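Following are the structures in question.
Both complexes shown next keep chain A, but they swap its partner, so chain B is in the first and chain C is in the second.
Up next, the complex of A and B:
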């Protein structure tokens, strides 16, 4: 029983961060219809930037958020403006293929810059553990979860109560009508892509002290992100967050209770099973 | 047979015959190895194109068919059975899997992106399945037993020449199937579903039939190629044969070459397979590792951004423009082809400026 609770806690903590990563992809999709195969690779980029800031300046990783976050925001805007926007009038799959090209380019750049060895970002919190009623909670994943939670809630608040948030919802629901009401679709899309990358950066920074990474790690996270997005319903942000938690739990359960690659299959199998019953995702709407 | 189809079929046949003589000219060299791999990728890309370029389904599931092909021959060879039978089994498995996936897509009316992502998940699942079976060699892979004897019945081939001819045959088969589909009713149905599924369905084309048929044909060809590739390599590494990476490369080659045509993906393969090889061998030494991957990724991005419809389309446009210039100089009567071509261009433009 204790083990189960331990696993569930681990799963929820990891799942929260996964949810944030997937949320970043979800908002981009809802506003511009873009599915970014390089999503995970951008997160790995953020992790490498965190590592660099640590090795060069001794920045405590979590502090790098203040730099890496905005940096990725502007990078996101640039990428969208120069690479993705020009493809707006073409088949949506072409955009997906471009992002596949970005995957290769990004992995190559990281390989060039940092080499292929597996890296970890050390953190003062690495060895801190809490023991609550027999359940051990490591500090680093907990912090990652809390950060993710804060950003997710912050995003929701922004979505509900700010002008930008309203325009995001408008563009998602009905781009043509939004445009007629004076919403600058282009600007919303640029900002949202930037925001999506910034979210992924935050998740990356938060995760960096807890997981090892190397240049090719991105694709795995991208795949998980997509699974979460589909599971939660494409474009449904809350659904995506919840699906993130579920996948996090499934991953933890798979890791602990079933050893080896079969355990890794567990979230995927769950995904396939759910899809067969609810092809639009658990919370999907016909969008 | 329309003139266009006839000329392309003849062209393919001529090319096949000419290419068949190449190994006799260059012998068993590294170049032959590159050519074999180019041919295999030409086959793989053309096979994928049937479901990806023609029917418009961005399917990552092909890694499953490649794995089925590779592992079937491997297992059969290791059991002392004829790998050719393994190929038959592989085709059966792949077609069954393909039909299932296509049926799921049609039955649940999955939008393109969801379908793509789901097949990507299947692909990853396939890798995990393969890696977790010790019977299939697990994460370290499976080697095909090598006896050093020539035994065609057992697919034991010592000469690279024969591997080359097998690869050539499969590539020609793949292209040939694509060619036939392109100019026949079935292929046009594929393309109509790609362009506008609802409109096609309103006209009486069944998206379910199109998706299932295109996927089955594509899966069968892919399985054969996977098996041939495995027998050529002599070793089946799951991270090559069963991973999403290979199918991503196939898709990118096809996109660069031009997905919407019969020859485009082949062109992409012909260009990019040697390019990545070349970059790796020439610059792998002088430039740090990773440089060639960057170059490769950047190249793909540039082609997608700048060459609408891929490189083949770019070439076709340049040719058309050159023809028009010579026509406007009044030096020749417009041929039916060029009229049709400029018609097509106009319709395309009209469609784009909606």
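Up next, the complex of A and C:
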């Protein structure tokens, strides 16, 4: 019983951050239809930036949010404006191909700059544990979860109650009408791409002290992101968050109860099983 | 107020609007009629800036606005009602209206604007929290017009507002447009239903295959033999 609770806690904590990562991709997809294969690699880039700030200036990893977040926001705008936007009217696979190219470029740059070894950003919190009735909760994943939750809720509030948020939803639901009402669709698109990268950067900073990373770690997160997005129903933000928690739990269950390659496959098996019965995902609506 | 001169719009090699000139004075109710694919929608989309013009000029109160993006034109008061009735289906009526009024940053003014929309369409006030996608066709058309009114237009562009609506709702919508017009709002109405359009407008243009072939007062157009032969005979 204690083991089960332990597994669930671990799964939920990790799943919360996975949800935020997927939310960043989901919002980009919803306004521009871009499927970004470099999504996970941008997170790894944020992790390396956190590492750099730590090694150069001794920055407490969690505080580097304040620098890495905005940095990635502007990087995202630049990438969308100068790399993705020129291809936007072309075939969707061209854009996907380009993001795949960004993956290899970034992996190469990170490898050159930092070498191939596995890294982790030291934090004072890394060794702090709480023991609650036999269930051990490590502080660092808990902090990562809380940070992710705060940003996910903040994102939701922004989407619901601000002019920018309503514009994002308008562009998603009816771009033709939005254009006629004078919404600058391109501006919404690249701001949103910037925001998506800022969100994945927040997740990267939050994970950097607890999850080891190397230049090639990104693709794994990208694949998990796609699985979560599809599971939650493409473009459904709340569904995406919940699917993130589910995949987090499935990952933990697979690691602890099944172990080995089959255990690692457990989230994928769950994913396939869900799609067999709900092809549009758990919370997808026919549209 | 609005002066369109020799405006040409083309999609690739296909010319949709061919060197068209059109004028709308302050507070005027102008109809643009013609058969399917005559270029009516393209012309309206070019006026609102959604579709770029290949050549020609648009002048608004003496200023050339040919190359301006829709947002700027909306700020100037040229506002197009989104077509197809379906607005933002998963947003509430209130949120839909707020998207229309987002350029007005003063919250209290924005609320005043919304109250004005509710005075025009009281039915929307009962439905502020309802998702737009669950409204009836007529109510969705009211939201679409309401969204445009939230942007404080001086010229309202409408593309087939009668499309798919029951006759009594068409009458209701057009009565409201007539009231708005009598309060000083200029209207450019694209309509396939010629009789309806000429009944409510004071002046009209007949467009055929991208060319304006006739223009004149709506009364004259209604009794013009060519118009009767081409359009009225069918109805």
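Heads up, the rule we're going with is that the second predicted complex is superposed on the first by the 286 of 287 C-alpha atoms of A that agree within 3 Å, B and C clash if a C-alpha of one lies under 4 Å from a C-alpha of the other, contacts with A are read in each partner's own complex, and residues count from 1 in each chain.
Quick note on the criterion: a contact is a pair of C-beta atoms (placed from the backbone, for glycine too) under 8 Å apart; a residue touches a chain by one contact, two chains touch by 3 or more.
What you see is a predicted model; the values in this text were computed from it and never measured.
Peer 1: Report for A:134: first if it touches chain B alone, second if chain C alone, otherwise both or neither.
Peer 2: Neither partner.
Peer 1: According to the stated criteria, A:181 is in contact with first (chain B), second (chain C), both, or neither; which is it?
Peer 2: second
Peer 1: Chain A residues in contact: does chain B have more, or chain C?
Peer 2: Greater contact footprint in residues on chain A: B.
Peer 1: For A:173, decide between first (touching chain B), second (touching chain C), both and neither.
Peer 2: second
Peer 1: Once the shared chain is lined up, is A:163 touching chain B (first), chain C (second), both, or neither of them?
Peer 2: second
Peer 1: Once bound in the complex, which stretches of chain A touch chain C?
Peer 2: Residues of chain A touching chain C: 163, 166-167, 169-170, 173-174, 176-184.
Peer 1: Taking the touch rule as given, give the residues of chain B at its contact with chain A in the complex, in rising order.
Peer 2: Touch residues, chain B against chain A: 56, 58, 104, 108, 110-114, 116-118, 120-122, 124-125, 128-129, 131-132, 139, 244-245, 248, 251-252, 255, 288-301, 304-305, 308, 352.
Peer 1: For chain C, which residues count as touching chain A in their complex?
Peer 2: My answer: residues 45, 48, 50, 69-75, 79-84, 86-91, 95, 98-100, 102-103, 144, 147-148, 151.
Peer 1: Could you list, by residue number, the parts of chain A that touch chain B in their complex?
Peer 2: 35, 83, 86-87, 89-90, 92-94, 96-98, 100-112, 116, 215, 219, 223, 226-227, 229-230, 234, 260-262, 264-265, 268-269, 271-272, 275-276, 279
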